[in-house]
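Structures given as structure tokens follow.
Presented sequentially are two complexes of subunit A, the first with subunit B as partner and the second with subunit C.
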Partner chain A sequence: MKQQYWVPALMLMAGMAGSAFAAKTDITIGMQLEPPNLDPTGGAAGAIDEVVYANIFEGLTRFGSDGSVKPALAASWTIENEGARYVFALQSGVTFHDGAVFSAEDVKFSIDRAMAEESTNAQKALFANIDSVEVIDASTVAVNLKQADGSLLFNLAWGDAIVLDSATAENAATLPVGTGPFAFDKWVQGDRIEIVKNDAYWGTPAKLDKATFKFISEPTAAYAAILAGDLDAFPNYPAPENLAQLDADPRYSVVLGSTEGETILSTNNAVAPFDDVRVRKALAHAINRGEIIDGAMFGYGTPIGTHFAPHNPAYVDLTAQSNYDPEMAKALLKEAGHEDGLTVSLKLPPPAYARRGGEIIAAQLRDVGITAEIENLEWAQWLEQVFRGKDFNLTIVSHTEPMDISVYANPEYYFQYDNADIQELMEAFGAETDQEKRTAMLQQAQQIISDDYVNGYLFQLAKTGVANSKIQGLWENSPTQANDLTAVYWED
Partner chain B sequence: MLRYVYRRLASLLVTLFVASLVVFVVIEVVPGDPASYMLGMNAQPDTVAALRSELGLDQSKPARYFHWVTGMLQGDFGQSYTYRTPVADMVSDRLWISLPLALFALLLSIVIAFPAGIWAASRRGGLADTTVMGFTQLGIAIPNFWFAMLLVLFFAIKMRWFSAGGFAGWDEGFFAALKSLTLPAVALALPQAAILTRVMRSSLLDVLGEDFMRTARAKGLSQRQALLRHALRNALIPVLTIIGLQFSFLIAGAIIIENVFFLPGLGRLIFQSIAQRDLIVVESVVMLLVFAVVMVTFLVDLAYAWVDPRLRHRA
Partner chain C sequence: MKLRSIVPGAVLILIVLIAALVSYVWTPFDVTTLDIRNKLQTPSAEHVFGTDHFGRDILSMLMVGARTSIAVALVAVGIGMGVGVPLGLLAAARRSSWVDEVVMRGNDLVFAFPALLIAIMITAVFGAGAVNAIIAIGIFNIPVFARLTRGAALSLWTREFILAARVAGKGALRISVEHVLPNITNILIVQGTIQFSLGILAEAGLSYVGLGAQPPIPSWGRMLADSQTLITLAPHLALFPGLAIVFTVLGLNLLGDGLRDWLDPRLRRER
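Here is the complex of A and B:
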């Protein structure tokens, strides 16, 4: 009996000694949240995409590490009918992990499924402008739009728009079958998910043989797991306070990048006192962004003056328009008739940026005579009270969807900003396909919301990752929530 | 004896029924909708409505309660909203971590506490007694999560003998799984052992003062023989009570330790499910824990009757 255990143990040790000379081909990646399921077309949880996006599942297009849209299952496309019809030529020789052949029918099935009335796709709006999907032949598919739309290729790059096989789509939540460079292997619920290299991959094969995603929610436990060598990388490391220490350790490198998360002091524009633009302007000038970034995020984050990612070429730096000027804030409040002070609610969801940032903002507001009553909420409560119920004055939240400035054109959106100018602008933007004009429109939109001081714009959430110094090819930035392992490898 | 068992059983069933009502009502009044949690900020209202009807959340509350309870009676705990897998499977996966962990910790604490308690009691007032009592003070005073971090610091980060946490899984082999439970079990066991030692000692000391102990000594038994043969069994009732309480605590209350060691146990499942408003999971797991606690109490009651014949006859 004893011997039976010894033999494999010895073999394992011999194997380990042998592999010490060659580069490693497996990786263990830490994540703070476990995905609730593995179907990116059936839920909003970012953790789903962090496991499956570009690894297991692919769509017609995909995001590159710099946020640009690249071909994926669509090898190329032509735009017809003045931007209202896209014809995609599909990659050839693509199979799903179970051996099924990928064809235009799968594309039609997947998009139709996402658009359907009973669809539970969290980003259904991405497909709202699609009129029909037409299979031309096995390797050509056309998407007909209701009106010309310059965002289609971008929209199809989202994790919510990946292509599934009709035979396996129902079980994607627990048994995802995609076309990606990695195939799902095993899920030990609560602990880890393992994926393995797909040897039949149609494109450039992955360099790793195996990857394990391990879920550690507690920041101190994550720190211990990295130090103990249990993890090779933690791309969204949750404890910025340890980063300096880890950076000093030669075994690890800290990777700083940017995310699509505009962190804002969301303001209810429809309810007094913030229905008055002077009060909103006062709010903007009462906030010291530097203090918030240092205090809440240990210095990681880029100040923003509008709802737009600074790394995007269309970004306009408008931070000066809402610079820190408490005297001006007081004067504006007086002008608006609030010289005796104001009491408002500040409802905070669980992330550290909100809870820590909220305390600092409350202190800054106190200096200009605004008393912010802090109320800590869980996510589910926050969604119900603040996001759906619109029962709040102020809240802090990071808007993590890429290019989401269009929410300002929706007067029903939770901060209830109603301005015909931006509504018209965003409608025109949707139909515009000329890149230069689109950029100009985006810049104009940034200016409008900054002029109206719709929300307090705080900072772009940084991506603070930690990885073993020998790992190459991890994404530095986070144009979408993903851990694309396609190009990751270990240095010798 | 049989009537005693029946009465215990009846009170067990009533407790379970009342608990199911309370659990359902309390969890259903908590604000927050599971469907909108799952779909996030960009979801359209019709999508949320579609998901609600898919999950059965559009039915009335009494209907859902009835559905839940009748399902449980047939062994069907429903399907998790967020994970889309049967709750029974999820719970049994987690139970295979929480239960062995609790047993492991309990075993450790008994192995430490029994000899230490007996030793201290038999040398009352002596150096052994003071030393043991000193350590138990320390054991009770040290918070287990802090002790857990010290264990991680030394055994995982410095010595690298263990992982800092996580669970290998039983299919990786018995020893690999046991190894992942070792540090958490030690962290959990220490404070429990300290409590148990003190109870063991004081309970033994009480018994040692009884008349029958003097008789036993007068019969010619040595101090040691009298202690092991007569005192121990009589001293066990309070000890069993504590062990029963500790076991229930260890199954449900290991949540902090589970977080420190990122073990996917029952405690963490509840914690996660509450945050995600996976109501059906919370309800079922809490019911399961109620069931476990009630069962443990029931078994302890039976054990009382076993060690104390008077209880059998009184009923």
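Here is the complex of A and C:
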């Protein structure tokens, strides 16, 4: 009889020892927004890429954690025809999660699908310069361009340019099948998405067996979930006010990095009173960036004077051109005929940077005689009224796409800036392949929009990540919207 | 005996009222000026209740916020009374007729929805703001007063003095205004006090979810909402607006209870 008790007891002890010494192989990641679907080629929401990019789906090229463009499904490439033809040699032995073999046909299918007339791709401009995709053999594919283009490899690294299998592309929104190190497992709507390790992965396999993305929109609930241990990491932690406390706690590490999020006071350039450059200039000088970063973000953020990320080598610091000078702002308003004051709308989406930043900006504008009537909107309303309807004077939003200064060349974009100079410049930029000239053009573009005071440039959003201090390998910076978990592991 | 709840209730309400009135001419600090360098200060001699995340003085915010709360609740109760009481009088005067049916079933319809849900619906459709919050809270006050008025008036209509007035040739309208209304004023005042406290709670609730008064107008509910993520860092941010709401509502309920005991002759006789 006695022996029978011993066996389970020993097993129990062995089990305890095992769990105490072996590192965890699963992770739960917190995200603020739930993706509307899981097809990055069919939706604009950043939350889609935050789940699937580099985890489930891969493209020919990809972004590294430092923002550089690296080979992915394309092992190597040669540039022919003076930059107008790219020939990609594909990785061999790649299969999709359902077992289908990856080949050049899939690349052609995916790019053609994104370029097609009826395509719902959110970034069709990335493919605008592609003339045709040519399958040379099963493992070689050529992309022919309309004109030489230095940004093709960068463009193909976007989540919107990932490669799908023609058999499963239709259902990618709910049942994504890719080639990545993780395969989709299940989606509990409103709560979480689970992905599992892909054992047949062609490259360096993932270190984790399983990952769960959990959606928590309330900053308070996010804080509680971190403290309770329900979440192992929150890469874009939404409540900067708690960071100091979490940092002081040895159980957590707080990682500060950069993002591509230019947070701007978007100004409707097509509607009075901000169709007058003097009024926009007054607006720029009425804003005290330091106070906004301190008050809304608790000090996390880098001031910017133009629509460009400060960590990018092509960045020009133009903050001095729109320094805080309320007297100058008042003089400019008077010159523009608004000495009796001005009433404008300020429509704010939900994030703390907008809601808190909006209150601070409204107070700063009040000092120079501009009354900003605050209206708090939910994201759906904001997209409807501001982004699509263009019914606003001012709004605050963070533009998180990489290298998105090109939106200033689109007069239809929601802030409706129409300037032929920048439109020509961005077109020339697209055709330029010389890296130095490209940098000069980007700097020129930054100068133009700063000279025109198109928007109020506030600060570069910091990536404030919180994670269990035993977790290694999470991205420190956010060169694109992604949570690449390939290299993530738990320290013993 | 009867003063036991009137006095503390009245004192609490008086404090809030005075604070709100004083805020029109003076507050310790200007609530629209932000002072980010001095944010999240704990209570001190300079800032009695501390400062919030924008460095604004919390006492000043509470004083101006009291104004918002009282104004919204007062007008909302006014709407409820102004529409509900005449409807109730009409229904009682035309009791058991189709008018009575239409009025009271209409009221039942409004009553069937949870009050705060209607308010959220109205502000969500017509936009957030103090005015829409007032209308929303006012609408769900209507059936409360209509029902109360009808019930009280119905019992009066069977009394002899009404009969005498009818014999004297007075019409239903005159009887309602001259004889019925004065006799139900006391219960209306009591109900008004209770509804007022519910109105303050509703305003705080709507502001909390962002549908009440919009910034920069201070509001107790929004102060609570803003302090949510800061509660471990600066608990005084949530504590003071929370206490303000608690004491105001408590004061109004005590006052309402006290007034009922005092004004209702039947209750007085039972004592």
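Operating definition for what follows: the second predicted complex is superposed on the first by the 475 of 492 C-alpha atoms of A that agree within 3 Å, B and C clash if a C-alpha of one lies under 4 Å from a C-alpha of the other, contacts with A are read in each partner's own complex, and residues count from 1 in each chain.
One rule holds in what follows: contacts are C-beta pairs under 8 Å (C-beta built on N, C-alpha and C of every residue); 3 or more make two chains touch, one makes a residue touch a chain.
Keep in mind it's a predicted model, so treat the numbers as computed, not measured.
Colleague: Could you say whether A:A272 touches subunit B, subunit C, both of them, or neither, answering first, second, both or neither?
Modeller: A:A272: touches no partner chain.
Colleague: State whether A:G295 touches subunit B only (first), subunit C only (second), both chains, or neither.
Modeller: In the superposed model, A:G295 contacts subunit C only, not subunit B.
Colleague: Does subunit C touch more residues of subunit A than subunit B does, or is it the other way round?
Modeller: Looking at subunit B versus subunit C, the one contacting more residues of subunit A is B.
Colleague: Quick check for you: in the superposed arrangement, does A:Q189 touch first (subunit B), second (subunit C), both or neither?
Modeller: A:Q189: touches subunit B, not subunit C.
Colleague: Report for A:E117: first if it touches subunit B alone, second if subunit C alone, otherwise both or neither.
Modeller: Touch partner of A:E117: subunit B, not subunit C.
Colleague: Could you tell me if A:T220 is touching subunit B, subunit C, both of them or neither one (first, second, both, neither)?
Modeller: both
Colleague: Going by the contact rule set out at the top, does A:D230 touch subunit B (first), subunit C (second), both, or neither?
Modeller: first
Colleague: Looking at A:N242 after the superposition, I want to know if it touches subunit B, subunit C, both of them or none. Which is it: first, second, both, neither?
Modeller: Second partner only.
Colleague: Can you list the residues of subunit A that meet both subunit B and subunit C?
Modeller: 220
Colleague: Touching residues of subunit A toward subunit B in the complex: what are they?
Modeller: Where subunit A meets subunit B, its residues are 5, 34, 36-37, 43-45, 117-125, 173-174, 188-192, 214-218, 220-221, 224-225, 227-230, 350, 378-381, 383-385, 387-388, 399, 401, 404.
Colleague: Which of the residues in subunit B end up touching subunit A in this complex?
Modeller: Residues 31-34, 36-44, 46-47, 50-51, 54, 82-85, 90, 93-94, 149, 152-153, 156-157, 160, 163-167, 169, 175, 259-265, 268-269, 272, 274-277 of subunit B touch subunit A in their complex.
Colleague: Using the touch definition up top, name the residues of subunit A that touch subunit C in the complex.
Modeller: Counting only subunit A, the residues touching subunit C are 219-220, 223, 239, 241-242, 245, 291, 294-295, 352, 356, 358-360, 362-363, 366, 373-376.
Colleague: With touch defined as at the start, can you tell me which subunit C residues reach subunit A in the complex?
Modeller: Touch residues, subunit C against subunit A: 32-34, 36-37, 39, 53-55, 127-128, 210, 214-216, 228-233.
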